[in-house]
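First subunit A sits with subunit B, and in the next complex the same chain sits with subunit C.
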Partner chain A sequence: MGTYLARRLLLMIPTLLGITLVTFVVIRLAPGDPVSAAMGGDLQPGAMSAEAIEHFRREMHLDDPVLVQYGRWVGRLVTLDLGTSWRTGRSVLEQIAERMPVTMGLGGAALFFVYLLGLPLGILSAVKQGSASDRISTVILFVLYSLPSFWVGTLAILYLGGGKYWDLIPVQGLRSPGHEEMGWIGQALDVVWHAATPVVLLGYASLASVSRYMRTGMLEVIRQDYIRTARAKGLGERVVVFKHALRNSLIPILSHLGLMVPFLIGGSVIVERLFGIPGMGQLMFQAILTRDYSLIMGITTVTAILTMLGILITDLLYAAVDPRISLVEKK
Partner chain B sequence: MVLRSTAALLLCALILPGCLVRGGEPVEEEAAGPVARAAGGPALDAYWRDGILPPGLEEGTPSRGGTLTVRINSNPPSLTYLLDSDGWLYRVVMHNLHEALVRPDPRDHPEYRPIPALAERWEVSDDHLTFTFHLRRGVRWHDGRPFTSADVAFTFEKLLDEKVRSMHLRQSFQDLESVTTPDPHTVVLRWKRPYVWALEKIGSLPILPAHAFEGYEGSKFNSAPYHRAPIGTGPFKFVSWEDQRSIVFERNDDYWGRKAFVDRVVYTIIPEPNVAQQLLLRGEIDLDINLTSEQYAKLAAEPKIVERYHRVKYYEASYTWIGWNHRRPLFRDARVRRALAMLLDREKLARALFEGIAEPAHCVFYHLGPGCDPATRTPDFDPDEAARLLDEAGWRDTDGDGVLDKDGIPFRFTMTIPSGNPTNDAMVLVFQQQLYRLGIEMELQRIEWSVYTRRLRSGEFDACMLAWIMDAESDPYQLWHSSQIDGGSNYLAYANPELDRLAERIRSTFDREERQAIFRRFNQIVVDEAPLLLVYHLPRRTMVHRRLRGVYLSPIEFFQVADLWIDPAWEAR
Partner chain C sequence: MSRGTAQRLAEREERSLEQVEAGGAPRRTRGYGRMVWEQFRRSKLNLAAAALIGLLALVAVSADFLASDMPIAMRWQGQLYVLPNLLPDAKRPPELRRHSPAELRALLGEGDWALLTPIGRGPLDIDVTRRLQPPSAAEPLGTDGLGRSVAARVVHGSRISLAVGVVSVSLYVLIGILLGALAGYYRGWIDVLVSRLVEVMMVFPTFFLILAIMGIVERPTIWHVMLVIGLTGWPGVARLIRGEILRVRELDYVAATRALGGSDGRIVLRHVIPNAIGPVFVAATFGVAGAILTESSLSFLGFGTPPPTASWGELLTQAYDHAVTSGAWWLTVFPGLAIFLTVTAYNLVGEGMRDAMDPRLRR
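So, the complex of A and B:
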C-alpha cells in the first residue's frame, strides 16, 4: 500500500510537467498577447506605441524562446512561487486561495444534492425497471439534462428574483448588503439562502447522469446469482436491495465521482457570472481573455494537482469498496 | 484621447450637463405634465420621454447621511489609475478618493476647463514651458499624514519610471523635462517644448502618497497592497473592496473642501444586465449608468421604475467608426470611400438596433463641443449617388459576375470586427447586404478582442470597426498624423499632408478660439475625404433615483457623488 501510494505520487510529477508544458506552449502560441488584451479598457493610443509594447515584452521576457520561458517558470514553481498576475499585480496563489473555497463550497453542495437525489432515483428506476415511475423520472431527468443553465438561470432571475414577478430568490452574490451586521447564525443562513439557487443550477443537469449510472450499476448487480440466492433464502426485497446489492452497484458511481473532480475545482463561468459569484470559473475566464499568463498557469497547476489527487483518492476508494481490487503488491 | 472596445462601449455606458443636445441644437424642454403613455405602461412626462433631468434638482437644503448605491458593470483590476488604463473607472469611482493638482470643471460642459484641486493656484511662464503650482496648505491624506510637494514629485517619478506599468499615461508626459520642489508647498514642472494640453494632462494624474509605498521600489510598485486599499485626499475614504461584489467608500470628514453629504457610497459590481434590472425594479440602486439600449426603452413600461427613477441619456466624447485600410489600393480613391459611406443607413440602424437613441456621427471630436461645426455633415444614406460615384471612379461589372471590377480586380474585401457584440454584428450584416446590392462583396470576420487589436496595430485587415472615447478636447496627432502609422495609433495608415500640418499646428496653438477653428477645419477635411466611415454617437443610458438631489449632468466627468444628497422626504411622498 505504501509503495503503491509513493509510486502514484511520484508519477504525478511527470504528468504535471506534461500538462503544464502543453498549456504553457498553447497559450503562448495562441494569437493575441497581454498588451493587446489590455486595450479593452480606456486607453491612450500612445500606450500602444511600438516602444511601449517593446518595453513591456522585454519586461515579461516574452521574446525569449518558449522553452526557456517554461524552464524559468518551472524553476519558480519548484520554490512554490506561482508569480504575480500581470493584470492585478496580486500574487496568483493569493487569488486562487480566495476563490477556491467559494467554488469548492458551491460545487460540493451541488454534488451532495445530486447524489442525495440521484442515487435513490437510480435505485428506484432499477428496482422498478420499465414501470411508469421509471419512465417518468427518466423523461424528466433527460429534459433537465437538456436545459442549458444560462437560460434557466436567466429565467430564474427574471421571474423569481423580485421586481416584476415573484420575489423568491436573491439574485446577486452570496451575501446580503447587511451581512456584516448579522450574528453568525444569521450569516450562515444568509449564505445558504444566497447559495441555494446557484447550487440547484450547478447540479440539476448532473442528476440524469448520476441516476443513470446508479440504475445501470444496480441492474447489473441485481441480476447476479448471489442476489437470486439472497431472494431465494427468503430475504425481504429491502434487505436484498440495500444490504446486498447496493454496495456492489456503487462502483460505477465512484468512477463518476472521479469525473466530477475537475468540475468541483474549476467552477462554472456561466452560473458565477449570472449570480455575481467570485469563483474559479470567472477567474480563469478573465485570465484567458486578458492573456494573464501567470494566472492561467497558476490555475492550471493547482487544478491539475487537485484533480490528480482526486483521482488517486477515487482509486483508493475502489479498493475499499471492491475486494477484487487490491493495491498491495502480491508477493 | 482614449480607446475602448466597441464591445465594452456597448456593455458599459457614461454622462451630460445643463441641457441635452439633439441634432447639434440645444433642445429647450418645457416643464410638462403627462404627455405620453407607453403601451399599457405608466404616464410619462416629457423629461422621461426625452431622457433629460427635470430642472430644480440642485435646489433645496442639502441633508446629510445615508448610503448611495451606484452600479458599475465590471470588476477593476486595481484601484490605481497610474497602473490601469481604465480612465472611465477613474472618472466614475476613483476621483472621489484621489485628487490631482487641477481637475476639469464638471459644470463647464462642453469644455471642462481645469479648476484648482490640490493646487490652489498656478502660474504658467510666457513661453508655456514652466508651470509653477502652489499647493493647498493643510491638506491631509486619509491616514492623517500631511500632503506635500514630495508626494507630487513622487507621483511624477513613478509615472516616468520605466518599471512602473504606466505606459498609458507616460506618453502624454514624454516632453516633461523636470519636476522640482523648491519648498513643501510649491512644485515646478518644466517642459522641453510647449504642449497645449499640458494642464489638462496634469489634471488627469491623481497624486499618490509617497509614504504608502515605502518598501515597494522598482517594479514592486506594481504589486503594492496600496492598489487594493488606496488612501487619497479626496472627499471620500476607502473602506473595502471585495472582488466581483462591491467597492465601498465613506465620507472623509477631514476633507479640505466642502464635505460630501452622504455617509457612504457603495459601488456595487453587477456585470449582468438582467440582475441590475431586478435591483432597479426593487429600487435598490441609486445610479445605474450602464443600461442597455433595450432596457432604456423597455423599462419605460414599468410603473415601479418610472415612479422611482429619472431616465437620462447623454453623450460623452465618443464615436463609432468603420475604418478602411489605406494600405489597400481598393480604398485609395476618395470617391469610393464616400460611396461606401452612403451605403450605411445610419438612421434606420439607430432605430432598429439602438431604440432610436444613437445619433449619426458627423465629427471626429466631441460633437457637443466648439470643435465641431454643426454645418459639417457626413453624407446621408443614398445608394443611387453611391452607385454614380462608383461608376465615376471606374468600378463597373464588366464580366457580368455580379461583382464590380476595375482593371480586372473585383471589389471584394473583408470586414474584421471584434466578436461578442450582437448589435455590431447586426449592423455589419445590414451593411453587407446593402453593399451586395451594388455589387460589392464584403466578407465578415469576427475575432477575439486581444487578437483584433493586434491585427489593427500590424495593419492586417481590409476594414475594421471601433469606437474611440476621447477627452473634451483631444489631440488628433496620435490618430491622424502620418508619423503615427508605424508604432502610433494611425491604424488606417491614412496620410494627408494637410491633416499633418493641422495636427502639428494645433499642438502649439494656445488661443482657444483659434484652436477651435483648426479643429473645425480638420473635421471638414475628414468628412470630405472620408478616410473612415463615421457611424454614430451612442449615449450613456442612465437611471437616477428620484430621491437624489444636488444632481446635475456632467457627461464627460460623470455624476459628482460628493455633491449629491438623499432627500429624506422622498419616501414619504
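So, the complex of A and C:
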C-alpha cells in the first residue's frame, strides 16, 4: 500500500511537469505580454518610454528563451515558491490560499447536491426501467445537461435577483451587508443562503451523467445471479435493491467522481463571475485579464494537483470498496 | 477478369440458387450505414433534432438573406441594385444605408421597387435612438444596448456558432485520428508519448487553458477560438482510435492485408480507421455541441468572438450587464434559447447515433 501510494505520487510529477510546461509555453508564445496589458491591452507607441519597457522586460526576464524561463520557474516551484503577482506584488501562494476555500466549498457543496439528487434518480430509473417516471426523468436531465449555466444564471439574476421582477435570491457575493454583526449561526445561514444558487448552477448539468452512471451500474448488477438468488430466497424488493444491489452498483460511480474535479473548477469561473464570488475562478479571470503570468501559472499548478489528487483518491476508494481490485500486485 | 474472380462469381451464383431452392429469396445484406440509419430514424425525436440541425445550417448559410440592412434587390432612381446584401461593408452603396426597412421603403418613388430581407436590419447596424426596445412588429426580438436588432444578431450569430463548432471539431478529430493511429499502430515510444499526453490533457482544466490563451492573445479573432478549441479537444478521439486500432491490428483480415503486401498507411487508412469511424462520428457530434457551448461561454466572459461580430454569447453578456437594471428579458431569452436549442439538437443526434450503433439495442 505504501509503495503504491509512493509510486502514484511520484507519477504525478511528470504529469504536473507536462501540464505546467504546456501552459507556460502557450502563454509565453502567445502574442501579448504583461507590459502591453499594463498599458490597457494595446501598447500605443510612445505611451511608455523605450527604456522603461526595456527595464520592465529585463526585470521580469521576458527576453530569455522560453525554456530557460520555464526552468527557472520549476526551480522555484521545488521550494514551493510560486512567485509574486506582478500586479499586486503579493505572493501567489498566499492569494490562492485565500481564494481556495471558497471555490472548494462551492465545489464540495455542488458535488453533494449532485449526488444527493442524482443517485436516487438513477436508482429509480433503473428499478422502474422503461416506466413513465424513467422516461420523464431522462428527458428532464437531458434538458438540464444542455442548458448553458451562464444562461440559466443570467435568467436567475434577471428574474429572481431583485431588479424589475422578483427579489428572491441574493446576486452579489457570499455575504449580506450586515454580516459582521450576525451571530455565528446567522453568519453560517447567511453564507448558505448566498451560496445556494451558485451551487445549484455549478452542479445541475452533472445530474444527467451521475444518474446515468447510477442507472447503468444498477441495471448491470440487477441482472446478476446473486440478485436472483436474493429474490429467490424471498427477500423483499427493498432489501434486494438497497442492501444487495446498491453497494456493487456504486462502484462505477467512483470513476465519475474523479472526472468531476476539473469540471467543477472550470465551471467556477462562470459562476463566480456571475455572482461576484471571490474564489479561484474569479482570481483566474482577473489574472488572465491582467496577463499576470505567475498568477496564471500558480492557479494552473494548484488546480492540476487538486485534480490529480481527486483521481488518486478515487482509485484508492475503488480498492477499498471492491475486493476484486488490488492496488498491490500479487506475486 | 482473372480466373479466381470468375470462379468466385460462379460460386456465388450457385449459393443464391440454393437459397431460392430452399424457398427463400436471395438475401441482400444491408450496408452498415443503412442499418444504423434505419435504427436512428425509428425515433421521431432523433429525426426532429436532425431536421433542426439542418434548419440551423440553412439559417447560417442564408443569414445575409434573412437579416441585412441592404435589400436583396432594389430598383431606385433608375438604377438596379442586385444583391447589395452580400457585399462587404465597405462596398455597400452608401445611398441605401438606412436604419430600418420602413425608412428604406420611404425612399421608393414611382416605378421603384425593393425586395427586402424579412428582418430588414443588419447585425452591426447601430441606432442609439432605439436602445433596449422590447419586441415589436418592427423589431421581432427587440433591440440591444446599442439599438442593434437582436433578431439580426441571433441570425448572424448562428454563423459563428456553427463555424466554430464544425471547424474546431474537424480539427481535433483530425489530430485525434492521427495521434491515435500512430500510437495504436506503432506502439513503442510514440505510444508512451501520446498516452502520457492524453493523460495530461484529461487532467487539465481545459477551460482554464482556453481562457488563458484567449486572454493573452492580443487581438483575438474567431480563428483563434477555433484553433484553441481544436488544439485542446483531441484526447478523447485519440484514445478512441488508439483503442480501436489495438483491437483490430491483430485480427486476421489485417494480417491478410499485410501478407498481401499492403503498406502500413493502406492498412490504417483503408482497413482500420473505417472500422473505428462510427464512435468517432458520435464523439464529433457531441463535440460540436461542446464547442458551441465553449465558444458562447468564452464570448460571455468577453474572451471569445471579438465585438462587434454578432455571437450568441456576447448578446448574453449584454443581457447580464442590463439584467438587474433594465429588465430587458428579450436580450436574455432569445440568444439563450438559440444556444440551448442548438446544443440540445446536436446532443440528441449524438445520443441517437450512439444508440443506433449499439448492437445490444438493435431491434
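Here is the rule we use: the second predicted complex is superposed on the first by the 317 of 331 C-alpha atoms of A that agree within 3 Å, B and C clash if a C-alpha of one lies under 4 Å from a C-alpha of the other, contacts with A are read in each partner's own complex, and residues count from 1 in each chain.
Everything that follows uses one rule, which is that a residue touches a chain if its C-beta (ideal position, glycine included) is under 8 Å from a C-beta of that chain, and two chains touch if they have at least 3 such contacts.
Not measured: the values here are computed from a predicted model.
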Joint occupancy of subunit A by subunit B and subunit C, clash or fit: clash
Subunit B versus subunit C as contact partner of A:Met182, first or second or both or neither: neither
A:Leu274 touches, of subunit B and subunit C: first, second, both or neither? both
Which superposed partner A:Gly173 touches (first subunit B, second subunit C, both, neither): first
First, second, both or neither for A:Thr15, with subunit B first and subunit C second: second
Partner chain(s) touched by A:Gly161 [first = subunit B, second = subunit C, both, neither]: both
Touched partner set for A:Thr88, first subunit B, second subunit C, both or neither: first
Which superposed partner A:Arg291 touches (first subunit B, second subunit C, both, neither): both
Subunit B versus subunit C as contact partner of A:Leu246, first or second or both or neither: neither
Contacts of A:Val191 with subunit B and subunit C, given as first, second, both or neither: neither
Set intersection of subunit A contacts, subunit C complex versus subunit B complex: 31-32, 36, 41-42, 154, 157-158, 161-164, 171, 273-274, 289, 291
Interface residues, subunit A side, partner subunit B - complex: 31-34, 36-53, 55-56, 59, 84, 87-91, 98, 154, 157-158, 161-164, 167, 171-173, 175, 177, 273-278, 282, 289-291
Footprint of subunit C on subunit A - complex, ascending: 14-15, 18-19, 22-23, 26-27, 30-32, 36, 41-42, 142-143, 145-148, 150-151, 154-155, 157-159, 161-165, 171, 262, 265-267, 269-270, 273-274, 284-285, 288-289, 291, 296, 299-300, 303-304, 307-308, 311
In the complex with subunit A, residue positions of subunit C that touch it: 196-197, 199-200, 203-209, 211-213, 215-219, 289, 293, 296-297, 300-301, 303, 313, 316, 319-320, 323-327, 329, 332-333, 336, 339-340, 343-344, 347-348, 351
For the subunit B and subunit A complex, residues of the former touching the latter: 1-5, 7-8, 77-78, 83-89, 162-163, 165, 167-172, 219, 222-224, 227-228, 242-245, 266, 268-272, 274-275, 277-282, 302, 304, 448-454, 457, 469, 478-479, 484, 486-489
